[in-house]
Structure formats: C-alpha cells, structure tokens
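In what comes next, chain A is part of two complexes: it sits with chain B in the first one and with chain C in the second one.
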Partner chain A sequence: MIISQETMDVDFVRKVETLSGTSVRRCFQCGKCSAGCPMATFMEHPPNRVVRLLQLGQWQRILAGRSIWYCASCETCTTRCPNKVDLTSIMDALRKLSWDAEGASKESYVQLANKLFLQNIRTYGRQYEMRLAAVFNVKSGQFLKDLMLGPKLLAKGKLKLFHSKNKNLSEIEKIFTRIEEMRAKGEAL
Partner chain B sequence: MSRIGVFICHCGENISRTVDVERVALEVGKMPGVAFSTDYKYMCSDPGQNLLKKAIQEQKLTHVVVAACSPRMHEKTFRKAVEAAGLNPYLCEMANIREHCSWVHENKEEATAKAIEIVGMMVERVKKNRSLPAITVPVTKRALIIGGGIAGIQAALDIADCGHEVILVEREPSIGGHMAQLSETFPTLDCSQCIMTPKMVDVANHPKIKLYTHSEIELVEGYIGNFQVTIKKKARSVDEDKCTGCGVCMTKCPQKKIPNKFDQNIGMRTAIYVPFPQAVPNTPVIDRENCTMFKTGKCGVCQKVCGPGAVDFEQQDQLIVEAVGAIVVATGFDLYTINEKPKGSAIKGYGEFGHGKIPDVIDGMTFERLASASGPTGGKILRPSDGKEPKQIVFIQCIGSRAREKGISYCSKVCCMYTAKHTMLYHHKVHDGQAYVFFMDARTPGKSYDEFWRRSIEEEEAVYIRGMVSRLYQKGDKIVVMGSDIAVGVQVEIEADMVVLATAVMPQKGADTLAQKLGISYDKYHFYSEAHAKLRPVECATAGIYLAGACQGPKDIPETVSQASAAAAKVMTLFSKDQLEREPIVARVREAGCVGCFACKKVCAYGAVEEKEIRDRQGNLIKVVAYVNPGVCGGCGTCQATCPSKSVELDGYTDEQIVAMIEAL
Partner chain C sequence: MTPKNIMEYSYYPGCSLHASAGEYDLSTRELFKTLGIGLTEIPDWFCCGATPAHNVDELLSLSLCAKNLELADSVEGDVAVACAACFSRLKTTQHTLKENETKRKQVEKAIDAPVKLDSKVKHLLEILAKDLGLERLAAAVNKPLSGLKVACYYGCLLTRPTDVPNLDCTEAPTIMEHVIEAVGAETVAWTHRLECCGANFTLSRPGVVIQLTNAILESAKAAGADCIMVGCPLCHGNLDIRQKEIEGVYNTNYNLPVFYLTQLVGLSVGLGSDKLGLDAMIVNPTPLLKEKGLL
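Coming up: the complex of A and B.
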C-alpha cells in the first residue's frame, strides 16, 4: 500500500509524542538506534524505521507488526541517540496506545496475554497461573504449548492446581471500575 | 523659527495599505514649525530623493523628517540627499511608520492616528537637532593578522602586495596551520604542501610582512584605525638572527621520543625542533618542558654543536607593542576528540567508541599525517598499534557533528568531502584493501564536489553504508564496527583493521579569551560572529576587526581563501583614506556640571571616557572631569543614562529632545 495523505494520521503521532514526552521530528534517520539494538534482527521494522513511520503518520504499520513487542527496553537507542529522541519511551507509548487502537498486533498474542492476565486479577484478586496458561493456549490455538513444563512447575510448587481468592475482591473491583470510568472520560489510557 | 519639511513614503503599498498617508501629510502640515509636508510612492527612489532636495531648496527648509522605514534601512540614504541639498545631514531624522506601524497593525484608522503621533514626535525631536560636523580619525595603515594558517597567510599576502605593512602573529613555532598538515586536498587531489609552502615562503620573504611566530596576543587597546596591540613573543631559546637552520642541533638532541603535535602525536620529535621540515621560519624552538637542560640543568648539547652560537637558554618572553589600523582574525579551527571530557563540559566524548582508548581508532587529521609523504610513516598507511597495513578500513562520518547530545548541532561541512578523499588515498596506497564509509547524509555542494564523491564510490570502490555506528570495540587485533544500513533496514557488522573518525570542526582552543581581548562577539560554540550573516560576512560588529577562515564557522580551503581575500579587501578599503570619517553621534560632557564621579567611565563599553584636568590661568587644578573621546565613543548613550548629575548628553538623544518627544504625544 502506498503512503498517501489519507493514511498519514498525525493526530495519533501527537498522542505518542505527548505520552512519551519526546518529539519524533528531531530524528534525522542516522540509524544509530538500529545499529545498536540487540533485538533489531527480530523486528520487521528496525527502531529507526519505527520513528520514520511515525514521522509519516503510519502507526498502523507499526502496530500491525511485532517490533514494539520485541523491544526489550534496554535503552541503548535512547542512550546513544545524537538527537535525544527517547525511543524507549516512544516504544512504551506505542505499547500503551495499542490497547485501544485498531489493527493491534496479531503477531505476538501480547495483547491477549495482557487481557487474560487482567481478567484473572479482576476475578480472583490475584493471579491464577493455571487458568492463565490454559485459556491462553486455547484462545491462541496453541493447545500443547509449554505443556511439559506444567508437571515440573507443579512439583516445585510454582503452579497451583486450584485458585485462591483475595478477601478484598470488592476493593479490587473498585480499582477496575475507576480506571474504566477514567478511560471513558479520556483521563487515563 | 524652524521650517521643517516632512516627507511621507508609501513604500509601494507597504505603508499606504494600512496608513492613510495623505491624511498623515495633511495633519502633520498643521503642526507648529512644519513648513512643508508631502507624500510620495517611493521616497528612497531617485525621483523621491529629488523631490526632497527640491523642496529643501525651494521651501528654504531648515530640518527634515522622512516618515518611512526603519532608520537602519535608509537613514544614510536620506541624510546623503539632505547633505546634497545643502543642509547638515544630522538635521534629518527618520520616523519609522513601517516596522513600528504599518507592518504591525491592521486597523487603518488606528494605524493612521499612530503614524501621525510618530511623525509628530520626530518633528519635535528634529527641532532641537544641532548641525554636527563629521568626526575624522587618523588611520594607521598597518594591519595585524592573528593566525598564520592559510586564511592568515592569504590575507597577509593580499594586504602586503597592496603596499601596506602587515604584522602576522602565529601561536605555533611555524606558520602553515592545519593546511600544512594535510596530505592531499579535495576535489583535485593536489598535494597540500606543494601549494601551501610557496605561500609560506612568500610570507617570510615579503618586505612588508613582519612575522611573529611562537607568539600570542596579550592585549588589544584602541579603536578602528588606531589599535595598540601588545604581542607576547614566547622565548624560543634560539636566536632567530643567528640561526642558519642547519639542523645539527636537532640531530644531536638526546631527547628523541617526544610526540609531535604536528604529526598528531604519532610521529616523534626532539626537544629542540621544528614542527615539520618545511617550517617557516626554519628556526628551531626548544620545548622547555621536555628539554634535559631545562629539567636537570645538565646537557646543552645543542648549544655545543651550534656553529653560529644561536642557542640561548637564557632567552626570556618579550612583550612587543605594535600600532595597527585594522585587525584580521584568522585563528582557525580545532578538532573534536572522542575522549572523555571534563565534567560540566557541554561537549561529551564517545563512550560507545571507547573514549579514544582503542589505539587503531584515529581521527581524520591523523589519517592525513599517515597518508602524507612527509608524515611519520613516509606516506604508508600503517596502523598505530602494530604498524601493519590495514586491509579493511572503516570511515565514520559525523563524529560530534550534527549530534546535539554530544554538544554540537551544526554540520562541520568538510567531513563528507575529506572522507571521500581518504577513501581514494587509501585505495591508491593499499590496492588490495577495502574501504567502508558509514554516513548519515552526503553533503557535497561545491564545484566538482559531488562528482568527486561519486568517484570515490564508482571508481575507487568504497562501500558507502547509510547509517550510523552504535558501538566500536576491540576483538583480538580487529575492531568490531556495529552499524546499520537504514535503506535495507538491517544491521551491519564489519571487523576492521583500522577505523577513521571524521571528527567535528570546532573553534580553536582559547577562542573566547581572544575574543574578549579584541572585544568581538562569538556564538555558543565560540565561533566568532560576523556583523551580518549575509551582507557583512567578513566584518565583526566591532569596527576595524575582520574575520577570515574557520574561526567564523566550518569552512573548506577555497572558501577560507575567498574570505581571507575579502577581509583583505575590506582592510584595503579602510586604508585607502588617510582620515577615517565616522558618525558624529557621540556623547559630550557638560564640564560645568560634571562632578568627576566617573560613573560613566565604569559603564562605558568602548573605553571612550577619559579623565580631563581643568586648570585656571595660573595652572592651578580646579577639578577633574570626564571627557569622551569622540573617536572611540560608540554613541550608545549608556553614560547619559548613568550620569547622576545629568552632565552627559548624546547628540540627537538629549534629555531635552526625549522630553519634547514625550510631550508631543
């Protein structure tokens, strides 16, 4: 797909800039971030191209890919950038904004894991790893993924068969409701 | 009774679009003292000026107000026209109804009312203007050039060839500067020394040029046409008049392992040395810090072997005062280093490149010395660590430059071209070697420059990789270069034998201290500021001081030479007259009121206030008062504002005039 005025969504980029506190316009594409990135070989868009795509308002292309999820937040890019572009914060901001954005990454199941994780917290007041793993495997269609790790973890007491509930579930529910209200009003992400 | 003429300009549509100029002319015509008022489409044009001249003569006008643009734009034009019509030029004032009115307002009614008030104020002010005779100051027709690089040499030769005396001061023991260090020059690849040394010899032999090497500027006093400069001639420990330049002293000196700064510290020299064989003057200098005689008091071999007896351990630093009329500053540049910088410095080094501790990571100037036929390796490209010929060489551009996080945001301008040149020199000398260049952008504007860069890729087979390098580290006897190619979007890793960094061009160390001595301004990087970026690029805001070369900003050789010749032309223009005429808007002291507190002397930025004794007929001292030297006064008015007894007045801006202007509102 070609880049045209219609696909240049600068409003979204402004959100990224506000949230990360850094300007993407400062980048002149020297490529030093990509040169030092330990994860760049796993990304279809290396770090410098993530910034370039933002400069062109092409955030959908970034969120459709896995670059933001492979970023290890090691801050090598931010440390060595000659223009003080805080790429680590940009990656953070993109991950946060991807929650609501259309066309979120299908590549990495990160969003699915995040959603299930929070659902468990809301239901039990704490994490119920057995259920998290089971539901994740079913929903992502990888039924046998890491199955053989289960017995080992169970034997070491790292994984529990049955859940235990938090006593103050109503208090936890209040937190979730408050965040939801804030998100509805646009006060939180 | 004054007969004032008011001339209102339309400035095409610039003024008349928002100001009803005809009404302004009509209203101003009614003001007391105004004998004539009119408007015209372009007052500054020939017909406009003729209209003004004709009106002065026909209407017998005594004062003139031109309501038009800023006085910075056309005050000179109209004062000249007024003078041509027979009036003193300082009886003409400008009312700024363009920048201060029509350009900044939209409502025509209000803008017109404001324009009338602005003109009214100037009418009241001009009534109290005096005829001022032009001030003339004598011009000393000798020029001082600070810095003996290519800029200083070119300016010195141009001025001296015109018949004026030149004093050339150089900090190092030899003139030549950075250009003498270069191997070849872009875009023609001609040998730098071959084109440089004849000019250096010309300087030494020129009857009009007095050369002070190993010398520094200590103090600068005075003003345009009349500077007094104190030069500190550092002790050379060798008598320049006796020395024949035979060089025996250098061959016998037991201290042979001192890093030579001229060879970027990769070559060695003796304690008594000339920086390079073609040095001008060819008189050695003793480096007292490293000389055995100065350290222990025992040795003196050079003195013993010197036939003419030129070696003099007792020589002292000398202070020499020279009178000059103009100064050309040509102090040149220094290079960024990736080494760790002191805390608090805006300039940071490159920790990711090993802070300069990897021996085979060198800068461009060091590469020049390696490639130079007269360099420490005799022109062979050999790496400093083990003297092997590098077969894989990596060049990295924009080190320090265009990196605001490293302290510099500007482009150093010459690195793209000299890196292209380096790849060629390398390819010419190491046929089976491969050069790689990491770059962000290739900036090659200039005659035959882009073709030169393309040649480096197409014919000399350098591999250019668009993308910066994140890290360099030593691995065995190789240096791993971690870069990326942003066009392909992949990381690039090259194991190099040697890495050459195109480090940024920075002003010479101590540029700020020299600027303070000269009273010229500089930017945040300590590059000297020109008076106007476009129209006065070789002049300083301080009259009589001119700039040449990289002390003003990064420049290549052709540009430096052009600017040096331009600065020389400016100096020669100044020297074309015996007397210098300058604007007579200067402060005057009312001696009767002055109590001699000299508050004015403390605040004067130009050093124009002197102490003057007033004596009676018998010669008894009555009092000491302030006196403003009109040749030095810059007409800023600070003294007038400071004087507690209101005894200083600036012509054209007296308290009386300012009050009259306020009352006109």
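Coming up: the complex of A and C.
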C-alpha cells in the first residue's frame, strides 16, 4: 500500500487527540508499551503499532481489527511510556469513535457487554451483576455460558435476586440526557 | 457507651460490594468499627461506570464520577473506597478534570454542578497504612497471623498510572506488604503481583481471563504462598470464583484461598468468621486457617 497525503485522514486523528488529551506525534516507537502489554498476544496490531497507524492516518486498519477491543485498560502502557503518550486514553478514544460508527468492529461480545453495563446504570443507577450476566448470555446466544458457576454463587450469597432502587434515579437520567443534548448541539464529542 | 471514633469517612462501597463481594463490605465495616474508624455510606451513590463507561464514553464516565463526588460531599470526612476500579475512576476523574478545562466545563454542564476536584479520595489500604498508621494498626492486633505466607496482589488499578492514584510506587509498591506484615503475617516475593487478571473481560471473554489469571495463580503458588490477598472485587472474582475452572483447564491444583485485605486484617484483630464472611469464599480457607491456628 502506498501511503500518501490522500490516504491520510487527519481529521479522525485530531478527534482521537482531542478525546484522549494526548498527542500521537509524541510517540517515537520505542515499543515499551507493547512489551509490557498483557493483551498484546491477542492483538493483530500491538499498542505501539496502533499509535504508528494513527501517525500515518491509517485509522481504518485499526477499527477493522480487534486490537482496541482486546485492550484491558490495565494502564501499563501509559505508566511506562517514556514520552508521556497516554495510550490508555487513546484506546478509549478509538473505542468511542468505533462505538459511534456502529458495526465498525467485529468484536461484538465486548461491545454488547459494555452496552448492557451502561443500560443498567441508566435504568437502575447501579450495576446488578446477576441481571448483567443473564441478559448478556441471552443476547449473545450463549445460554449455557458459566452456567456451572450460577448455583454456587447463589448458595454463597454472591448473586442477589432482588435489589433496591436508588431514590435519585431521575438525576442519572438527567446526566445521560444532558450529554446527549450537548452532543446533538456539537458541544461535545 | 461506645467510644468516639478516631476518624470519620464517607464510604463509597461500589456495586460489587453490594452483590458478589458482600464479604468485602461486611469485613470492611466490621474491621473499621473495631479500629474505631467511622464509615458513613454515601446516600444513593451511583455506579462509577467502571471500565465499560470510560471504554466507550469518557464524558459519561467522568460525569458519573463527578456526580458521586458531589454526593460524597454531603457526608463528613474523606471518601473511603474499597474497590480498586471505583478508586481508579474517581481519582482519574479528578486528575483529568484538573488538567483539561474543556472537559471540566462539559462535565459541569452534564451534572449541573461544580466538580469537587479537591475532595480526598482514599483506598482502604491508604487509610489503614497512612491515616491510621502501621503502629496503631499493629497495636490493635490480638491474634497475629504468624506463619501465614501471603502473596499480595495489586493488579492494575491500585497503583497505575503514574500521578493518578498516587497510592504507592507504580512498579514496586509495598503498601500491601507493609499492612499485612504489621499484623504478623509473612509475605512472599513473586513475579505477578502487578499483572492484569483481565478483569473486565470476565463476561465477554472468559477465555482470556482464564489464561491471565492462571499465570497469576501459578506464580503465587510457585513462590510458596499459602493464600492471596487482594483489594479489588474484580480481581477477587477472577482469582477465587474462577479458580476451580482454571485448575480444570490447566489440569493442576492451586487451592489458594483469596482473601480481601479486610478479611485478613480483621482476623488479626480477633474478628470471627461470621463477621468476615469467610463462608462466602469459593476456595475454602478453613483448612488453611485451622492448620495455622488462626481459626
């Protein structure tokens, strides 16, 4: 592939830089992030290459792959970067932009889990693990996943079947709504 | 008459402590009561958004944490946090919004209130090691954990990244070891105390979690540990709840009980099994504790 001015999408990279609050141009490719990354073996583009692709404006290649959905947000890369590239935030920004362009990535299980997690917050204010796991299994079609763990966890009191609702749920709805409004008006990414 | 507490905190338990990590909540409340540290739960706190929120929507994540900091302000004292992930999110929010004015303005609009940038957010470890202090902690011990070899597991979010949690050194922390040695236990030197267990993939990618967590259990066992100590309900979930499954996959036997720090410290100040929720642990700690004369 020939990389030229035309193949670079600088606007996208600027969005990543704004969202992450970090500059991809600071990276000098020492590779320390990938060396310490616990998930690098699962990724087709390890962390340092993700930054290199951004430097070259080749973001489509990142979003088409699974690397960003295999990042565990362990913060090792950001901690060890000698040039203060906040790679964990770059990964967040890439996921956000991929999330916005629905279907951009094939890693649907991770996206489904994230989506259900956020829905739970909006509806209940808090996370209810039992509900999260049950709905995840149904929606992902893995009805039997972790089935053996269920009875054990119930017996140990680790899965609560009933829960109380927050009294101030309307406040959480307001936060979600205000953020949606800000985005609709173009005041926030 | 109960004596007056020596310190007061506003307590943010987080979602896990109200469900799968009930024993962490119970042992925290009992231990702190015994030590004379007051914990008042923040009324109607919300989920901090944990990893899934910042993964796909940073503005939402920052806003949820900023809202919780606002709610925490209604209760006296610094904010005491038990879960490493909640701790990390609350501290990251303060750090990010201090540095980035644009984001701060967006968050203030979302929560319709100023952000409490300067309220002090502390993990339980920090309260025990620094606010209470190791000397006072050691003085409260009446059943030293002699002969118990503990592998202290930090995981990711207690110490990383640099300048955010500011709990201890990012690459060679010692705060957990200091706390547990102060109550009489031994600690082991091991390789995987800062490695990631894959926490947030436990739902979506259990295969990844099994691989990463196995390496942690293997390392602790090889170092001669009797048990593992954690300060995070997500690490606990993977190390304890999935341990049997991992043993099956790798055809091995670890049998390493995984304690919350408050359970082990609680044991040393004389709290009984019922006040520490030991029966909620999946890997049964009773044989080990009986062998060491601690139960």
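Here are a few things to note about the model shown:
The definition used in the following text is that the second predicted complex is superposed on the first by the 147 of 189 C-alpha atoms of A that agree within 3 Å, B and C clash if a C-alpha of one lies under 4 Å from a C-alpha of the other, contacts with A are read in each partner's own complex, and residues count from 1 in each chain.
The working rule: a residue touches a chain if its C-beta (ideal position, glycine included) is under 8 Å from a C-beta of that chain, and two chains touch if they have at least 3 such contacts.
Everything numeric here is computed off the predicted structure, so don't read it as measured data.
By the touch criterion defined above, A:Ala64 reaches neither chain B nor chain C. Number of chain A residues touched is higher for C, counting chain B against chain C. Touch criterion met: A:Pro82 reaches chain B, while chain C stays clear of it. Judged by the touch definition given at the top, the superposed model places A:Ala40 against chain B, while chain C stays out of reach. Within the superposed three-chain model, A:Arg49 lies in touch with chain B and out of touch with chain C [touch as defined at top].
By the touch criterion defined above, A:Gly31 reaches chain B but does not reach chain C. Of the two partner chains, neither chain B nor chain C is touched by A:Val135. Chain A residues in contact with chain B (one complex) as well as with chain C (other complex) are 76.
Every residue of chain B that touches chain A in the complex is listed here, in rising order: 352, 398, 402-406, 440-441, 466-471, 482-486, 489-492.
By the touch criterion stated above, chain A contacts chain C in their complex at residues 19, 21, 38-39, 42, 70, 72-76, 78-79, 86, 88-89, 92-93, 95-96, 99, 109-114, 117-118, 120-121, 125-130, 132-133, 136, 145-146, 148-149, 152-153, 156-160, 163, 166-168, 171-172, 174-176, 178-179, 182, 187-189.
Within the complex formed with chain B, the residues of chain A that make contact are 28-37, 40-41, 45-46, 48-49, 76, 80-84. Against chain A, in their complex, chain C makes its touches with residues 15-16, 18-22, 44, 46-47, 49-60, 63-64, 67, 88, 96, 99-100, 103, 106, 109-112, 156-157, 160-162, 170-171, 195-196, 198-201, 203-206, 208, 212, 241-242, 245, 279-282.
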